[in-house]
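So, here come the structures, one by one.
Two complexes come next, and they have one chain in common, chain A, joined by chain B in the first and chain C in the second.
Coming up: the complex of A and B.
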């Protein structure tokens, strides 16, 4: 290691990017000539979560006891490292001139509007992989070249082909993805999934015939029912010029980071500290907010591997080995650097505060390293850089904040399909993910939900309230066997679809800081300006119309509303909801998908981007700013897989550049 | 005080029989949750022993009449549709089905006042896991009692009752 610095690498944030980079650097550097054995420190702002299965179980208990079972409900927050919560989402009040009159600041975020940013993330070791769904779709080739293909948004400095080997490694070496190539029929890949997935790694995949490390997670009974009922359906939508666009409705089993039957030679990774548990998905039906078995990947698994293999002490046998230290409850407050305004410089250290919550004061520390990595989540990376006045010559830090604005539609089917069973989603309808329409309106992914009306109507709770009664009259509705029987008719027939829209990058959708808004440790809270562009809004009526055509085909075209229960389309949007968006006189609800993207975008041009294609700061060469924040555009894939692929590429680069006399 | 000199049922026995009639789950199914005593004491704490005593007396009489007549009319008329007891019945059914206590509805608290515990709360992680709604749905509590790999691909089925 370096003689003068405390560590070779310090990573801010203990989530999947940090875990991936640490593991990649260590393994790659050890295999180089001469080998290197870096000393790495990971600083996690939040709590240590759990590094054993029994401790993890306490979070499962916290979820079960939580009143509102929202994504962050199992993971306690602290005022020293606060986290956003979907229960805090409120609507800011806007003035007639479009400026913010009263921000909504009842949670961690300060929402400046006009729309509230609707997503959360977890500040706890393991990061938001603690409560992600596990969807692992690769981005499509055109997603990387939106400017060239559709004259909209920007191109990536990377192509799908560039990223492909890293996607393979993310699927095999970090997450562990279950899928079958032949199921992955998407638009924009030339009709042949085998070609889309064809691997250059012929040593591992003879003739380049790619396969995932594990078999597909079986499609739900609902998926099978929908596939049968919608067979042959072609959704037709009309663009602004009156041209029809056709979308064949075909279901595709979704690749996921959830354990299944392994391919030959693949070692399934079970629960942290209890390898036998979580070898297969057991059908707990709670991927979000917590997988009790840990059959779903979370970053604790990779972090656990690191601290077991590379403990932070001198090896007893004198062998040279990398060392990894993980410290929780350490919030980095400043990136110290030598950068002058509009110039370059180097990072000279990080200032962080360790907090205790036991009544004693937090303690300040400074740590130095040869290489610094910010991997704290897109919004946290942005606030930290802005507070530090670092890496922002381009003025793009905090800008181009994106999510997958999500439109829900839901209905009661004519038949029981066994809702509330299995992973949150096992299939999607990929038809709307690419096409010439992307020059005028945004693409969307269709996720079929297996958990009834859990998301749109707080079911089964609200279904029980509807049937049992109470309220002003206090009178009893159904009870006894009649109640049990009616619930058995209604609940298994509930289903919902999420239409997840690709958000385009806009400089005005941004994270800023304001000295009036700080947390208990004195760090800046994210101040967020957020809206949906016309490009995004124009796809709301398309998604709604596609849903109507599908529901009609399913025989549930009738509009029905609770508390009445009969087969029909229950989709409705209350204009008073904080997530309400009105477009062409029609109101929609646009929820967040938890995909926080785009605040330090990558590019070749330092004047328009924050990092290069290796996620290295244009301004501060010993600083890498990593994660979903680096993505110039979002595509219609859930971003974690792409983030992991990018982290692998960054890890390779850091390993190549490891300096020091330790070797 | 029953017909034919059979022993007087204890309040907890009455509570159990009442719960069977209100939920549509039999005594063995309710006992299997391990929560009869918990819910009995929960109810007593929240509505008070005095009001609970009145409820159990009315319920015992109605259930006895229904046993004689082989129907559920007396319980329906004298307890379920009785405005005095209806809000308690609503909360009790929801307690069994959802594992959470929901505050007493209607004008209950204007007549009886309110207790500190009469707020929405999950009784315990076990209560959540044993919510009857999941069985009624032919499912399992989300985040517990997993039915096994691939079970979600099978056609749904509801337990016969």
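Coming up: the complex of A and C.
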């Protein structure tokens, strides 16, 4: 090594961005002339429980025993590296002047309101890919140019065409995506999926005819039922000027990071430490919070490949090879740097604290590297930078926090559709993802949920309670065989849709820090101010109206409430729920989608953005701040695929810069 | 020393391969009974070991079928004539005394017990536990070991006088992408070389392990497919020896040594006390008997489904969402659904007390009932029962 630094690259956070960047840098640098073999350290704040198949099974056991099967239920938290949990979401009390009177701080987040931020993430090795659904939709061309196309939000410094080759690599080389191109009919792509996916990599895809590494996961019976029942339906919605907008309801099989039938030449990646497991999606029906077979991609798969191929020791045969070290239970508390206020500088090291489960006192360390990468989740990146006073000349660090605010609608269908069987979702309705209406209100994606009412009504458990009775009336209901028969009629007919709204970037939706709020290791907890803009709120009545039109077509337009059970629309929103939002006098519930985005957005202008299009800090050139936090806008795609594409692009750039070093 | 049986005609080679498909099938219920008897979440090392072997047995069955198909013969469940011996059924019935391999001993369906593991080791041992080949009695037209059998198959495949080049063609091959994939890759057979490669793969991973392999490092990786991800599979014999002795092999040990590596603990009390009861045994006529019948019917449908896939029958899977022309899909994928169903049914049986044998639970019989009169009667019995009870889930 030419420098006296401990490593070539240190990456903070052991999730999909870290895994992608490490793998990309190593492979790219080894193929360059002259080849380079970097030494990489990955620091993970949480535990590294699951780096073998049987240890992963302890997560499965925790999930099975959990009473509330929320996203983080399989992944135990620690007070040293605490994580948010959707069970902790409470509503802050706001004063009449709109300021926070009492924040909600019963979990890890300190919620300043007016609305609680409704999403969580996992602090364990593998990151939130441990409990993602696996949806791998690319963003649409207009999503990258919202300012130009709709005079709203901001443009990206990248276009869809710029990112396309990285999308392909994310789908093939990192995640492994199952889908058929011909199913991917979205608005705003000119009507031809083959053109939208046309590849410039003609060596791999002759004539540029793209295909995914694996075939589609078969559409669920529910999807087929809906497609049949809703055939020909065109939803009509009216904008503020009284103009009608029409949306043909067509179902589209969703690309997912869950294993299926491989294309020729693609090697399916099975479970970490046990390749016999996790070869194909077997429909275990618990993608969130955990795929028990690891048919669903998680970042452990890539991290495992790295530590097997590039162990952190000198190779016995003397061959020059990259080396990867992963240290878990190491929480970075400071980015040390030379930056003065409103100037630039360099990062000189990271301070981190190793914590132990056996009661030993934590130990402090400092590590140095040529290049530093923060890949710790959007909110964690922001709190770390704010606590370090780093990379924030633009004052944008922590701002523009976004999610996909999610409206649920649900009903009981006339027929059993096999709810609770198969993957969480296999199809969606893309019609509302793009259109001229985006100049006045936000776009949304429709996810068809295959898990009955588990999300809105805590089914099947609450359904059982309803039928058994003994509630307020005290009346005894069903039991034994009659109970089982009735459940057999009701549960398979439960149906829900998630209307996932694109949130626009707002500087006031932000993560800050406050010395009054720290965790057990003394690190700052995220203090979050969060609300929905009128642009987002205006789409709530649209989504609700689209749902009504669809439910009517399905023959379940009647309003019904539990504990009565007959076909109908069960959608209702209790104003006392922490997620209640009132708009034009109507109450909705707006949940989080787990898509934590936008706290260090990218851009060409250092005065309005934190990082450049390669996710490099404008202020600190040897620092990359990566992940969903870099996204200037969110579009209607679940962000992991786009985050992975961005990480590949960053990895390529870091590898190129190694050229000059004697690594 | 007795000369092993030779396969000298193409007809005999085809019959041998029909029996090879059945031979690979015959070990699967033996291992599955052990695997499914393990209580949920317990004995994960043992479960993973057994499961990994079963995965490869399924691969081997597929490979044998591909070789047979390449010779123009459709794999079938019908009895065959081999070496002048008529009426040899490829489909196993338990307890099974192989009509083909005299050394292998009786294959029984047992929950995971030390005795069961002993039998796994015996099945996968090159000499099936015998000290020398000569110690194994020979039966005319049969083989002493699986190794001998596959040697004879390979010799016949290599001999142009028995099967000329023109005998091979790439028909009805189960493609690599269709196999579940975990245990390695399917070889699509198109000529003599690929046919022999497929047989070699069967031998190399497990059945018919040559005796000299015992003197090689136990952890010699049998299938290089996996090295990319650091996942290493060594021979079935070595894997089961680890289970038997409760220790892993060290990397520098030979397969015929006692494993001396890390502990591999098997808790034999975390196992359902399933007890195999033959058809027409004590529980017939009871709900328990009906459950066993239903399992046999499901198993029979599964076996038929697999053979239909080997026969190249496509199954049309129509996805109404798909507005594009749907290709014909091979039916092996459909059979996978039945495999999951069978697993769930087997686990349920093994949790059900056997009313006639206190202290024991039911054990799936894996009894194949061929299509025709007996199958119809079985189907009818189960349907009547469902009607009487008002539904299938009572």
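The working rule: the second predicted complex is superposed on the first by the 651 of 663 C-alpha atoms of A that agree within 3 Å, B and C clash if a C-alpha of one lies under 4 Å from a C-alpha of the other, contacts with A are read in each partner's own complex, and residues count from 1 in each chain.
Basically, contacts are C-beta pairs under 8 Å (C-beta built on N, C-alpha and C of every residue); 3 or more make two chains touch, one makes a residue touch a chain.
Keep in mind it's a predicted model, so treat the numbers as computed, not measured.
By the touch criterion defined above, A:327 lies against neither chain B nor chain C after alignment on the C-alpha atoms of chain A.
Look at A:91: by the touch rule set out above, it reaches neither chain B nor chain C.
By the document's definition of touching, both partners, chain B and chain C, reach A:484.
By the touch criterion defined above, A:152 lies against neither chain B nor chain C after alignment on the C-alpha atoms of chain A.
Applying the stated contact rule after C-alpha superposition, one finds that A:275 touches chain C and leaves chain B untouched.
By the touch criterion defined above, A:228 reaches chain C but does not reach chain B. When the two structures are aligned on the shared chain, A:284 is found in touch with chain B, with no touch to chain C. Taking chain A as the reference chain, the count of touched residues is higher for B when chain B and chain C are set side by side. By the touch criterion defined above, A:198 lies against neither chain B nor chain C after alignment on the C-alpha atoms of chain A.
By the document's definition of touching, of the two partners only chain B reaches A:461; chain C does not.
Taken together, the two structures place residues 60-61, 218-219, 224, 280, 282, 481, 484-485, 488 of chain A in contact with chain B in one case and with chain C in the other.
On chain A, the positions that touch chain B within their shared complex are 60-61, 63-67, 69, 218-221, 224, 260, 280-286, 290, 292-293, 416-423, 426, 450-452, 454, 460-461, 464-465, 468-476, 479-485, 487-488, 491-492. Within the complex formed with chain C, the chain A residues making contact are 53-54, 57, 60-61, 182-183, 218-219, 223-224, 227-228, 251, 253, 261-264, 267-270, 273-277, 279-280, 282, 304-305, 308-309, 427, 481, 484-485, 488. Of all the residues in chain C, the ones that touch chain A in their complex are 41, 44-45, 48, 51-52, 55, 177-178, 180-183, 226, 228-231, 317, 319-322, 324, 333, 340, 391, 393-394. Those residues of chain B lying in contact with chain A across their complex are 21-25, 72, 80-81, 83, 86-87, 89-91, 93-94, 97-98, 100, 102, 104-108, 120-122, 124-125, 128-129, 132-134, 136-144, 146-156, 158, 161.
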